[in-house]
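Encoded as structure tokens, here's the structure I'll be asking about.
Read from first to last, the chains carry the letters A, B and C; within each, the first residue is number 1.
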Amino acid sequence: MMEDENIESLFEAPPMGEQERMVEALLFASAAPMSLTEIENRLPHGCNAREAIVHLGKRYEGRGVMLRRIGEAWAFRTAPDLGFLMQKEQVEQRKLSRAAIETLAIIAYHQPATRAEIEEIRGVSVSRGTLDMLIELGWVKLGRRKLTPGRPVTFIVTQIFLDHFGLETPADLPGVKELRASGLLDNRPPPETILPASDEAEENQNDMFE
Amino acid sequence: MMEDENIESLFEAPPMGEQERMVEALLFASAAPMSLTEIENRLPHGCNAREAIVHLGKRYEGRGVMLRRIGEAWAFRTAPDLGFLMQKEQVEQRKLSRAAIETLAIIAYHQPATRAEIEEIRGVSVSRGTLDMLIELGWVKLGRRKLTPGRPVTFIVTQIFLDHFGLETPADLPGVKELRASGLLDNRPPPETILPASDEAEENQNDMFE
Amino acid sequence: MPDDFMQEKNDINARRAAEALVVDVEGFEGPLDLLLTLSRTQKVDLRQVSILALAEQYLIFVEEAKRLRIELAADYLVMAAWLAFLKSRLLLPADPKDEGPSGEELAAHLAFQLERLEAMRKAAARLLGRDLLGRDFFKRGQTEIYSRKRVVSYEANLLDLMQAYARIKTKDDFEPLSLKRDVVYTMEQALERMKGLIGEAIEWGTLAQFLPESWRHDPKKRRSATASTFAAALELVKEGRMEMRQIDSFAPIQLRRKAGT
């Protein structure tokens, strides 16, 4: 059917059903409501956006999604009676602080880790808020007390942590040597950047990480 | 009508038509694919998201917007034949290096793949930053460690990868069946040779001969 | 041996070498990639490629690269050594006392590697040729998951975690590497030197003329000195003390003191 019309389509607009599909896709992908003019500017020459909108609106009547007119523009919106489904929680994403991510990394790699151990590895003291936050996030929990003088508490990572980071077990985390070998280390410009990255240079560097 | 059912809905799941509307609204509202569990967590108690998805998928067949399966999740996406309309919507596609795209393909077709396997296939070491970038794009993540000596880290592709390349599952990778049938996805170790016993080979021996 | 026979043989070799060298060495992704490219000149299906001929092509390529003083990475040379070994195994009658795989087995594995690499190349191309999200099909432009309840979700991915750990574990390890800087001509050095030289540079002179004598010959040193001298020159141009020009693409970069300074 489309084939027959190929030649004609140079001069004629696509059939209305096709125009409707086009408007549907356009409005779906658009980040903001679109006016008739905006829609027509995107459609092939000769299309009738107004008519396509009418058909599209009918098609979505009673569905979970509706075509809505917003001022002079059009957009899909979920049906108002289903709004309750969308009202879970608004998630505001924030980057974890460097102190937090480092503390988390140390716990993941060294668990069970005491606070003193974390501080020794990081070389700075761990603020109370950092550990509290990791615990509140559900990524870290208290482990067994260590059988050393003072019986300090230890920290370990949780199942939620593993799920979030897509790990089966903490043992799946690559070691530093593997990180380097995989090119996953921090992209600090290596001193040999000006030279060709010869194998020799790579090997020497490997030794440095032992 | 809804009002009448309000009390009952405490005990009974809404009718399937209504469940379909709900799933439609949810998937429309979300830009990211949603798993069945995520959908069901938002639906009233007792709903059957799997069945609703089947109905919904049929309803959108041939439309400008389609229901697509992406790994274990579902999302609405515009029909690929209408891409030309959305050209202005295009996100700047990051130009991938040849090394990156080949590494990605090897991981996708051979997953779970170790770094040594990737290097064995490409015949060259994986450069600093290649895997890094694929992980940052969200296309590659760590898989389970391999149960071979040295327990090397493996890499696998993600749902975001499937979504980006319009694949339902890794089994839909183009030509994967033919490649498997022809043995080109086998992990065939090189025949033991006397040569070359370079330092480099020894250095990597753990990785190379797992 | 008649002269014209030699001549002909040389011609063939020269032609082969020229053929092999059409592609820039820098353009190759390792020896296997080079072998794959060379195998295409045989114009046969990859399964019928003559590994022996391929090994010869590769060895000619490496010889030619040496002659042109093109620096080849170590793995190209390792492959050359291996192919020379393979060639001898294929040509000489098998020694019954020899342990290990036969030349044919080794050749078969190399053929498999080439076929596999090519298969992955094609797979990658097919992957990129698919309808892509954000190019051919699109997700919802606007999302509607909302509510009054605000939840702060702290975002961190596995890469952040691993890099944080690597950062901590390697923060001290980077120091000793500065010892390797002996073949690096720093920009500070270059700037110091240039400041002393610009007084005399009334006429246009090429960048290379500004390199210190002892850094001009070794390719690694020359590269480093060129980069630093160029950077230093840019700095001086920025300060309005020098002028820089390049007549044409890839023409030498020229420098001179800015008039009136």
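As a working rule, a residue touches a chain if its C-beta (ideal position, glycine included) is under 8 Å from a C-beta of that chain, and two chains touch if they have at least 3 such contacts.
None of these values were measured; they are calculated from a predicted model.
A.B. asks: Which sets of chains still touch one another once subunit C is disregarded?
C.D. replies: So the chains, subunit C excluded, remain one piece.
A.B. asks: Computing the C-alpha centre of each chain, which chain sits at the greatest distance from subunit B?
C.D. replies: Farthest by centroid: C.
A.B. asks: Averaged over CA atoms, how far is the centre of subunit B from the centre of subunit C? Could you give it in whole Å?
C.D. replies: 32
A.B. asks: What is the distance, in whole Å, between the centres of subunit A and subunit B, each centre taken as the mean of its C-alpha atoms?
C.D. replies: From the centre of subunit A to the centre of subunit B is 14 Å.
A.B. asks: Out of subunit C, which residues touch more than one other chain, so two or more?
C.D. replies: Touching at least two other chains: 74-75, 138-141, 144-145, 157-159.
A.B. asks: For subunit A, give me the residues that contact two or more of the other chains.
C.D. replies: 25, 28-31, 78, 86, 88, 166-167, 173-174, 184-185, 190, 199
A.B. asks: Which subunit A residues qualify as touching subunit C in the complex?
C.D. replies: Subunit A residues touching subunit C: 25, 28-32, 75, 77-78, 86-96, 98, 100-102, 104-106, 108-109, 121-122, 133, 137, 165-167, 173-174, 176, 179-180, 184-186, 188, 190-192, 194-196, 198-201, 204-205, 208-209.
A.B. asks: In the complex of these two chains, what residues of subunit B are touching subunit A?
C.D. replies: Going by the criterion above, the answer is residues 2, 20-26, 28-29, 42-43, 62-65, 76, 78-79, 82, 85-86, 88-89, 115, 125-132, 135, 141-145, 151-153, 199-200, 203, 207.
A.B. asks: Could you please specify the touching residues of subunit A with respect to subunit B in the complex?
C.D. replies: Within the complex, subunit A touches subunit B at residues 20-26, 28-31, 42-43, 62-65, 76, 78-79, 81-82, 85-86, 88, 166-168, 171-174, 178, 181-185, 187, 190, 197, 199, 202-203, 206.
A.B. asks: Contact residues on subunit C for subunit B in the complex?
C.D. replies: Checking each residue of subunit C against subunit B gives 29-33, 35, 74-75, 78, 81-82, 85, 99-101, 105-106, 109, 112-113, 115-117, 119-124, 126-128, 130-141, 143-145, 157-159.
A.B. asks: Where on subunit C is subunit A touching in the complex?
C.D. replies: Going through subunit C, the ones touching subunit A are 71, 73-75, 138-142, 144-170, 173-174, 176-178, 180-181, 183-184, 220, 223-224, 227.
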